[in-house]
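Below, subunit A partners subunit B and then partners subunit C, in two separate complexes.
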Partner chain A sequence: MRNVLLLCRIGLSGAMLVIATPAFAAGSPSDPLNSVMWDMLREQYFAGAPVVFDNAVKVTAPAAAEDTRAVPISVDATALGRVVEMVAIADLNPFPLVLRYHPGTAAPYIATRIKIQQATAVRGAARTDDGVWHVSGVLVDAAGGGCSAPPTSYAQKDWADHVGEVQARLWPADPDGAARLRLRIRHPNDTGLVDGIPAYFVETLQIDAQTPGGSPVLARIDSLEPVSENPVYSLDLRPPPDATALVLHGRDNQGGEIRATIPMPPRGAKPAMSPGPSAQPWSVGQ
Partner chain B sequence: MSMPLLRRLVLTTIVAAGLVSSAAQAAGPLTYDLKPTRIAPDTYVFEGSTKHFTRANGGNILNSGFIVTADGVIVIQTGPSRRYGEEMRAAIRKVTDKPVRKVFISNLHPDYWLGSQAYADVPIAALPGTIAGIQEEGNGIAENMYRLVGDWMRGTEVTVPTEPVYGSTVKFGDHRLRLIPLSGHTAADLMILDESTGVLFAGGVVFCDRTPTTPHATVTDWLKELDAVDGLDIRLLVPNHGHVRSDKACVAQTRDWLTWLDGTLRHAADSGLDMAEALELPIPDRFQVLDVLREEYRRSVAHLWPKIEQASLPRVN
Partner chain C sequence: MKRLVTSLALAASLTAFSATGVLAADAGGPSSDDLLKSATNTEAVLTYGMGPQAQRFSPLTDLNADTVKKLVPVWSFSFGGEKQRGQEAQPIIYDGTIYVTGSYSRLYAVDARTGHKKWEYNHRLPDGIMPCCDVVNRGAAIYKDKIYFATLDARLVALNRETGKVVWNKKLQDYKEGYSNTAAPLIIDGKIITGNSGGEFGVIGMVEARDAETGELVWQRPTIEGNVGTLNGKESTVTGKTNASWPGDMYKTGGGATWLGGTYDPETKTLFFGTGNPAPWNSHLRPGDNLYTSSTLAINPDNGEIKWHYQTTPHDGWDFDGVNEFVSFDLKKDGKVVKAGGKADRNGFFYVIDRTNGKLINASPFVTKITWAKGIDIETGRPIYIDDNRPGAPATADAHDAKGKSVFAAPAFLGAKNWMPMAYNPQTELFYVPANEWGMDIWNEPITYKKGAAYLGAGFTIKPLYDDYIGALRAVDPKTGKIVWEYKNPAPLWGGVLTTAGNLVFTGTPEGYLKAFDAKSGQEVWKFQTGSGVVGSPVTWKMDGEQYVAVVSGWGGAVPLWGGDVAKLVKDINQGGSLWVFKLPKA
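Showing the complex of A and B:
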């Protein structure tokens, strides 16, 4: 049902675009990735907002997807300073929108693994305080089929007993105050595109800090169909100094709850490793 | 009188133009141009490129081989496509009139067996795990090869090996072949040691100056396979990818790479690095001798990282 709705929406906005194109094209920079879907996606996800293509947003993904069910992707907009919202998009997926990230006080960085259905542009976008979307991306070649392959979980008889299990680790803050969090959630995260298997995926995740004075929200993710089975996220949070733990809570589209308490890093632990020389090209996929 | 001549001229021009344009479209028929190299008595290898599967090389990145025995020809690996298998069989025919007696396939990866159609009239032997793997994944493997190398694959269909083999020693003419079943590079790796010549066809267990591939690998088991190779008395080692050598230097090279790869990814996961960031980790200079280094490293990150990461994260609920 959800799929049909989404397809209808794409169809509708496509039709509107045909009429609107001449006026629209004048203010729209052309897509450096030459994706046939760009104009439509822009209209769908950034409607009415100014959009610039900006390499200050670093999108990392492999040039060729080895496993189309789990393509690593990271979007790093730390060079932009204050970012309000981030999105990841795989243009030619049946569900192009991968996630929306509300970094709150966290650094504007998110990494996960996604399914891709065919070779496609993979984009990251970050909305700065002034309402401008900064968009960048890479091309990922692929054999295809990642979105319509059944999750491997279903091969295990007891998969349902493990849904919602969380593995997580928090590293101490680096000199910039960002503390790496990695999460892994057991979940089929099914797209609903496989015959007879309904859509079943994690929809929302929120991370709060547990402090003596309350539970401030640190970051929030709206997660969608293209995120891989057993979703994994890396985030760079800024927990307050008096935080005693982090609390993860979320739910899937069938109402299943996800809840876990993540301990602070042990005394003496080292901050997360930095990803390497800054001289590296802005995107791996190019 | 002049009309027929003019017509003929026009026709000739059209035909010639047609020939030129079709020649421009396809620069001659595709051919692997396979030439066997004799590496030991009765023993030959078709040496392939150390690159990836491309539309330029048609997937010819392997060292297939054959042994001419008094009981017929023993073929080891059949290549990445029907065309390769057929060209290989024709090239063998130029060396000997003896019939092909048996084919051995060392594992389920595409370049080992997609040429098997050319040998449909002879027993095609493989470990039970390889046969099961081809039954399960063969169609997907073949489809991916069509995508990667295109027209070279024309007419290639999945041909499942017909004869399960186990650890044993089999005799063909004067050649005693020791069949060595292992697992690590894939779940079922068959090495073949010709005890008469001391030639080891190591399959995918050893790579030589070519970055090892890991789509079905379990690194700890693979390292044990390398120990097993070290324990063998051999005169010549034929890796499936890379150079044929008379020493075991490439056993050490493969071990060095796997140890570095596994250790580096474990350390990175444990240090908070994300999988996408791990794609770009620096690779030590000593590995620059390995062909397709960065590409194959990135593929390995895709294969190995998720399990390493899963093992490194504690349960919190």
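Showing the complex of A and C:
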């Protein structure tokens, strides 16, 4: 365990060396979370784009991580209206960027589980039509190890028998027209930071609707190393009324293909329970 | 709002398509024609075998028996990690980049001038892989914008050669049934052609062609008679004639793995694939020739049909696997030029075969001791067996010690020559064969087939024949079958050979040396200690006006795992994993 931690720290300082050169962006608002990484991350992920700290983006995560290999987070930007792209970032991870979400026609909401390396700011950002990134975040306290500890599947001999298997459920649309989709994909999602275990993680996911007239794309996720083993994603999609099924297709970084057809919810099913972030007792306020 | 949503969705779908490589980008890179002509291209090493015929001959002359003493190391690149096992790869060199594979299914792109790593692909292997003979890989294949290699879990991976990003990854076979893949793929006319490993597990040998762009299967040719091939998704023809040389259902688990890959002759437009041992090893369970095991198959690359076959060891009872490479060459004899091919078989004989029809021209021993056959009948092409030297049938009763009569046979099952590729020099008109002198005690035991379990039915132990050497690099004259010179090496030779128009022959030794010899006399003219055993295949090319040589270093392979008494002799060789690059500096 000590070795594992050391490895991650080396990774982190290496990253700092590489990116230490850019100057502080002029006029950048100061980070409400006071993270040492902010200026660097801003330059790396939002370079050239206007950035505002905006509590209209709701980020939820536990105040303290119980399992650093699977910390539930959600980013909800529905208050902003039309959103083109969303990102989730864990500042002090060896790989800070968790995922990029292209909501397409879906509501700008995504939830997943991530690995975190140590106590860190966890951020969500949403880019609106006008090109502005709206950023907010919360602090998550944690003991170290999430990114570089081997996933539990490393001990299971049969991970290869199930890799790429998908469990999915689609609920009927709520009154706003958003239908909750929850996906779980069997995958080790290895970061490559553990000695002897190559990077092996889900990279792209796309959800299409199957309709008589074609297969429009509903949403797309570029997923990265920090997403937890056996990744779980919750999305609020808007399938067209004539959709007969949803189709998930994706790939991992080694070319492994992920395919699933997700049936429409049965007649009479109720929409998913989706309380707003304020109703969740474990969420951390802005 | 509605309009906006539609156009966004369209944009998203376009991006997704290009991201998954559905749009075939033509980013330059070697064409089919470049690959066919790769034997004469001295600026690059585009194919495994340094040309589709796999002569491993370079026309370069800067390095020669006089200048080779000035050959110096330029840089060395470590494969890293703890995965230091056998490194049996041949590097591919194109446009200032070296593409080289390492043990445990790893692929590296390295700057040829500086040794700086451009990218590394590390394949995530399941825990249950079953490679018989170390976790090796023998090399990659390049074509257009992609670089390809096969993995120990029997998959074929295509990567963008600039970025190292995976373009596609296709399952070749099911590793849980004992399949794996270690050979370098062969690319002919846009088709990527692969064999399979797993001959110790009762699998069916197979040659397969896929579209190199998409990875989609084009044809399959099983190597065992009675099994049916496919072409464009439909069943094509049966291999051979069912039950002509196999009893009952045994052809369904008959072996004949094509684990060493193949060669190609552009002149006759023919693929040559060697096939492995029949399964199980105990030959008494499978009376008949057991076609097409321990053979060379000539195959039409368009449809996978077999043009001819030549079986080196019919009814193989010694694991004299026939996979060794068939090297096309022009045999100049009695004023005529014959389109021939040479094969140094595991069974100890060097075969010269007419590559247009598979007819035997000559067969001669290239090791000192062969106990299983008196010779090869030139008329029939069949061995003249010494029946006493076939290991006996095991007792049928449930006796505690049911093993059959043990015999001492030479060569040993690791072969008079194993996988390590020989070279042919059209100037000296000699083959340079990395041979080994060893024998084995071998006996048969009762066996039944179980999916994914070793299917041998034999016990064995390897012994050296001589106290002072096992390995012998031999120059064989294909016209006469005579051995012109030899270099004796204490440890068994397990690396490939390179020869050049500069009158040189290069090969590595388990003792850690890359050595150069005078191609005509066999005199050792240069050596360099690489720090671990050399069991890879050296290559040479010209860059910025200087001649370079590259070889991988890292001891391993089948000898330490299966070598019996010999394993003891090599146990003190240290492991490694690195790529060495040398050059002859400008004066």
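Details
Just so it is clear, the second predicted complex is superposed on the first by the 250 of 286 C-alpha atoms of A that agree within 3 Å, B and C clash if a C-alpha of one lies under 4 Å from a C-alpha of the other, contacts with A are read in each partner's own complex, and residues count from 1 in each chain.
Operating definition for what follows: a contact is a pair of C-beta atoms (placed from the backbone, for glycine too) under 8 Å apart; a residue touches a chain by one contact, two chains touch by 3 or more.
This is a predicted model, so every value here is computed, not measured.
Considered on the superposed subunit A, subunit B and subunit C are sterically compatible, since they fit side by side. By the touch criterion defined above, A:Asn253 lies against subunit C but remains apart from subunit B after alignment on the C-alpha atoms of chain A.
Of the two partner chains placed by superposition, only subunit B is touched by A:Ala272; subunit C is not. Looking at the shared chain after the overlay, A:Ala149 reaches neither subunit B nor subunit C.
Of the two partner chains, neither subunit B nor subunit C is touched by A:Leu92. Of the two partner chains, neither subunit B nor subunit C is touched by A:Ala125. Smallest inter-chain Cα distance, subunit B versus subunit C, after superposition on the shared chain: 18 Å. When the two complexes are superposed on chain A, none of the residues of subunit A touches both subunit B and subunit C.
Listed in rising order, the residues of subunit A touching subunit C in the complex are 82, 84, 102, 104-105, 157, 159-160, 188, 190, 192, 195-200, 204, 206, 216-218, 220, 251, 253-257.
Against subunit A, the residues of subunit C that register as touching in their complex are 4-5, 8-9, 12-13, 15-16, 19-20, 81-83, 122-124, 126-128, 153, 157-158, 165-169.
Residues 60-62, 64-67, 70, 72-74, 111, 113, 143, 164-169, 171, 180, 182, 184, 232, 234, 248, 259-263, 270-273, 275-277, 280, 284 of subunit A are the ones that touch subunit B when the two sit in their complex.
Of all residues in subunit B, only 143-144, 147, 215, 268, 271-277, 279-282, 295, 298-299, 301-303, 305-306, 309-310, 312-317 touch subunit A in the complex they form.
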